[in-house]
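There are two complexes below, and they share subunit A, which is joined by subunit B in the first and by subunit C in the second.
Showing the complex of A and B:
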């Protein structure tokens, strides 16, 4: 067994993370940066960081992922990374010619104390930033928070650098989609479009990390929010932030900077959360919900009705990012499933309280941990087995060892396709999730049922 | 495309050579240009890659979570037994650790892990940040080693020290501390250590099997399906065989100096190099066992008699097709050039992340006129070369794959993500099959680039 080294007995650990359910800030910042059109993310640190992030994102999205690096050496770590960054800026603008360079820091550049805005000003003074081009930055030390924090920080930087207050108010609504798949961002945009609302979504990685085969290698794909659009977010009527951890900091910053009213919602995963999302958009924009959306909702509800007996009291273990887990837990509880082990690698007291609240009525002990890891997750499952697990690709080890079916959900997914093309948000995303859940549970039932009770019709 | 209309940085012009364009001259082992989208990695990456396949050792990453997360079981280095190396252990440094130091945390993590898993040894990897905050890894390791009575080895792999090459060196230094501490009494006169093979997709098992048939004992397969006890007694072997010269040549040199174990540089990839490796080993031992040469000949003959007819099937389709190569170490590039030749293909571009001047000079010798030779390249350059040469397949690693696919060019992963053993005689057949599967795929008929030409 691959994970035979995992004992059943849970012990207190405080010096050690085993099989992490998270990774570090910079990769989240890089992912968010890719959601700006014409942007080259830049890693201000040693070469390895950038190579690892690009490899990890490439494995997950199966797309080329471009990013520059300051290529720190020992010299830079002693004398500071200013020279490296200025040279990098010069090189990048003269050869790769992006609209924006989005710089994120690393544990190294944070600790030696590089001041990115000061370095950018120096680069500008030296004429290294062409007219009409931009440098933005986020501080993303790897020893604080997780990849989700990094995403939130870079998204906030988009507000800090681009939002302008010009006294005007437009009818447009900002949507901050959270650390979700490109397919999810696309679906969120589609829903807003169905409602007839003009929106700016940032970041937006659709058509960047799920793009078509064109026979061309494009450094800057078609997708991504444009700088022009980002400059208008300060005059929008409101901001809808999806997910406390990934999206709320940017929404708050925009409220403070440009006085744009903001609403915090859960990610629209499942029936109730999507209802709230659509209702919020409808109310803010003062529009009515079109038949097409009601049709989708009705279909999702129809699947739940038709198949509810198969969800009944099924125990589920979930591991992933906090915003996703909150919405997913609510969805599963609402269809009568029992999420009983819930682990995220990201810390945050509110998370545990929220999950406890959502699972309050489950007549079974529920384990929840913020800042946990997959070792603990596995130990909990050993002590109280489940019918289904949902999490990233690394859950496959547990699935194999414990012979428990598993659905890939979250980041990273290194061994299957689909996640970047088919959403799990909105009513349609809910239908896809249910299809996955039912396929998985019923395949298992088919596999395990004795011949005499092997059923054709289910 | 750049503002100047060229994708090649001025500073990089000397790191690219076209055979036939004047005298061969090349800059390499330079630090990457800041800002370039380099395909290179760091010191930590190099160390982790080399040591990770030692399956019964504990591998603890001392640093923030990322370094451990990105290297968690991503390389298919197979183990025939223990699987402790497939777990990810990290001290997961937090802000307070950075401010106050994390030696005590490291100590506690090591004690907990050693108590729970009873590993044969522990490797502790240093990361960028540890170099900056100045934790004394050496002292913590000494303390734990004394308490727990197992070797606890610091790996000085701070990312900033350079590229992967320095990481290999740090790994070799750590491993060398184990060598010479084990019992060598039952080691045969005809014996080797296998260095620089990572047992990707089980390749090392194929090679071991060849040596077994030749009557040669393998004492330690150091960097693939590795075991601590084997490495401890590796100095008892009569000969070191070094593949992937960049990663383990330093260990071989240290073993030669301290224990007098000679070494041979070999490659197990492709028919020519594989056969040559076996013959060289036979040649080395022929004074001790004159019959080994004949046994080796017989082995090669047998393997080839199976391989060649099979290979012809693929050769027929692949003849005249064009290949581009961009790999981590240059040694692999040599073998690949020869292997492509064997299946009738032309290599039109070849490059590596970490080759030396000597490597590139040798590559220059064996390639055809017009071949592009490149050091430390980047996606823009690579994609422009692929288009210019109208390649049919690109051989590279994880970051290169989607570039090839977007252009409508076939791909073969010759790195961490290979799924078939590509070493040995059977590996050559797998390679031909894999190349065939991608080059001949019907998908390229739908790809815009090819449709235009049709």
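Showing the complex of A and C:
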């Protein structure tokens, strides 16, 4: 028993977090920055944060993750990090030559109160920023929100720094895909392409964090939204923001700045959320949905009808980030599974209300907590066991102890591949999720069934 | 520089001038940066008395250069105290630091029974919020310690400070003291804020001081057994410590404590009862060894269990210290037994690995130790360096008196230690020490990495991403060893990359069985088929595309 000190009895905790279901802002900002083409993320703080964030993203994607750091020393921590950032800007442009340096902060520089735009102006005045190159920034204090907040902040910075408006409207539609995998961004882009819609997606980490092995290391891989494209988002017809926590702040900012109409949707995970996503795109763009998409939808439905008996009334426990959990809960409920324990590390009453609404018809008590941790999650499972758990790699400890089947979903996944290559969004992503759920449940049935009822055909 | 820019074929090493390489590495940097890096990129040349050239080390990283270094918190909590299973290690800070150091280093632990505590799979944090930054986090820290105690009833709770804690002025030490009195268990804090010092190294020192001040010497129980040693600076990554324990046990040597792989609170408390301290990782733990010698009279020696030859040498060194014919005979018998399999596999892999080039850029210790393993396979280390070692790790402890502590590291506390009035007991008399010295036995000595490396090899401290890339292009080594952040960038260049921090989930690599594991692993990697598939058939011969099969 690896987590043998976790008692079944739930004691109220006000100060101690155990086994968090979240991490801190800057890693989300770093991830978002990598979704800009030719961009080097920069961590304005002491270098440990940068090392940790690069390592965590690398372990998740099995890809190079490059970023600079201001490498604060004790002196800079007391007197401010201006000299460090100016030197970093000089070194980075001389050696690594990015198009954009996207600066995020840490709890260190935020507590000190470093003014990044002022430092960037000083660097510019000193001639440290080559012509045609950019420095953008987002404040990402680690003691506010979570990694998803950091993602939202840096995505919003893309709007603040690049969106321009000349009052004209193009036919283009902006898509903010949310804190999802490169494979998901690719799939969202593919769906828009099938509909024949011109889109700009930001950020876009496909072909950055799932790039090919070619025998060459490219500091700035082919993927990522270009600065040129970001400059046009202010003229787009509309913005579709996927996921309230990750995408809505940027969409709202663009509406305020350039008056671009925005639609907030759930992440397109599962049948109904994907339906709404496609229906919204179709309506805004004024296009009809092609057969290829109807075909995918029909296939997803077909799996549900064919295999419904294995989903029906199976109890599931979910832990992860709020936007994913909302969409996933809706999907599971729609196939008559019972998500009964749902924990996110991100705080917010809206999340709890939304989950309660989605699970209203389940004839079984449902636990939901925003701002919870995986220690509480485990305790809930001990008190009311489930048939399946979905969450990041850390859930494997609970899975082993409690002997409950487990599907890796969310961030971080440190011990398997697939998540960066194959989507979980859209109808195709839904099919993949169903395949994973069925494989996991049926493997368990095969393992546990007595010899006489061991089935060849299922 | 023609040889340098030729990217098609593996170059003849003799034709590469290391001076030209150094010049090339520095050429892209702004003047000030180049001047600083020049002191950290050294062409090795070992003098007659084993003196190595001076290297600039343990100085601040250059902002924006893409260093691989981490911070003081990582050195203290992540490295030194993280592997101890029965402490509740509580991170006082926002959630990130605790999260990223949660189970990401592969320090294995094996509690004897299910009833023995093991908190290593848990992450404990005060998860500071903005109101705590504004109003101070001491109240929350106090409450978190209380909650941890109520739920887990641990033997000890240690508190690790992160960046903002120092800035907002939380006094973790007084909170710890107060809670220690209240709860009646040992509670102590570490001021290992990430900005202290210039790397993980400061955190090692802070951890050494803390564990020495708060735990070492608390329990005088004498452990049963002969030839009692402590193994310092061995963190049991991938089971290294288990393999070393197996060998020591076979020799009849008793390990009182390991700092800190597979360790417990009681082992630390009892460590001062050993008769010899043996140091694996000099960088991270030499402070504790020095302090134990001053306070309790326990001498220390450097050992290295990485590499079969080095392991054998280290066992002989320990046996020589105890100077007991029975132990000396057992050690020889064990070495002979263990070497049978080692030599068999060595001979096998040499056929495929002999003469190939390796580069090693690892933390503060392994870049040296692992050169022995490569040498045993017939492979040459063409370049090596550390992230955060000091000059003594590079050049040997002989240079200690010359090392100036710079402004960035001056605030790391140096404890003043006096002999313990009751428990100080020199383990060897002055005459015995002299006698051993006459037989070539050296105490308190570490000769460093550079004297072990060939002339003309490049020693690079705190290597940057840019320098890494250029070194790969210039030398095209058969294998590059570093950590997770470098791994995939190196492999994208078509060069196998072995992680020598995490071992890529493999191991153990220490001791005799570890050596066999390592030979097989490196053989697998440098001879792996995939590297021959990087180009598709139509990329290698595009001009033939227009011919018809029937012609």
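Heads up, the rule we're going with is that the second predicted complex is superposed on the first by the 458 of 458 C-alpha atoms of A that agree within 3 Å, B and C clash if a C-alpha of one lies under 4 Å from a C-alpha of the other, contacts with A are read in each partner's own complex, and residues count from 1 in each chain.
In this section, a residue touches a chain if its C-beta (ideal position, glycine included) is under 8 Å from a C-beta of that chain, and two chains touch if they have at least 3 such contacts.
Note that the structure is predicted; figures quoted are calculated from it, not measured.
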| item | value |
| --- | --- |
| When subunit B and subunit C are modelled together on subunit A, clash or fit | clash |
| Touching partner for A:87 - first (subunit B), second (subunit C), both, neither | both |
| Contacts of A:125 with subunit B and subunit C, given as first, second, both or neither | neither |
| Contacts of A:456 with subunit B and subunit C, given as first, second, both or neither | neither |
| First (subunit B), second (subunit C), both or neither touched by A:141 | both |
| Shared subunit A surface residues [contacts with subunit B and with subunit C] | 2-5, 7, 13-20, 22-24, 26-27, 42, 45-49, 51-56, 58-59, 62-74, 76-77, 84-85, 87-92, 94-96, 106-108, 111-112, 141-144, 146, 213-218, 345, 375, 394, 397 |
| Residues of subunit A defined as touching subunit B within the complex | 2-5, 7, 13-20, 22-24, 26-27, 40, 42, 45-56, 58-59, 62-74, 76-77, 84-85, 87-92, 94-97, 106-108, 111-112, 141-144, 146, 213-219, 345, 375, 394, 397 |
| Contacting residues of subunit C [partner subunit A, same complex] | 28-30, 33, 60-74, 90, 93-104, 114, 117-119, 121-130, 132-133, 140-144, 146-148, 150-152, 162-164, 166-168, 193-199, 407-408, 411, 464-466, 469, 483-485, 487-494, 534-535 |
| Complex contacts: residues of subunit A adjacent to subunit C | 1-5, 7, 11, 13-20, 22-24, 26-27, 42, 45-49, 51-56, 58-59, 62-77, 84-85, 87-92, 94-96, 106-108, 111-112, 141-144, 146, 211, 213-218, 345, 375, 394, 397 |
| Interfacial residue positions of subunit B with respect to subunit A in the complex | 1-4, 7, 9, 31-45, 63-72, 74, 83-84, 86-95, 97-98, 105-106, 108-109, 112-113, 116-117, 127-129, 131-133, 159-163, 379-380, 383, 398-399, 401-403, 405-408, 447-452 |
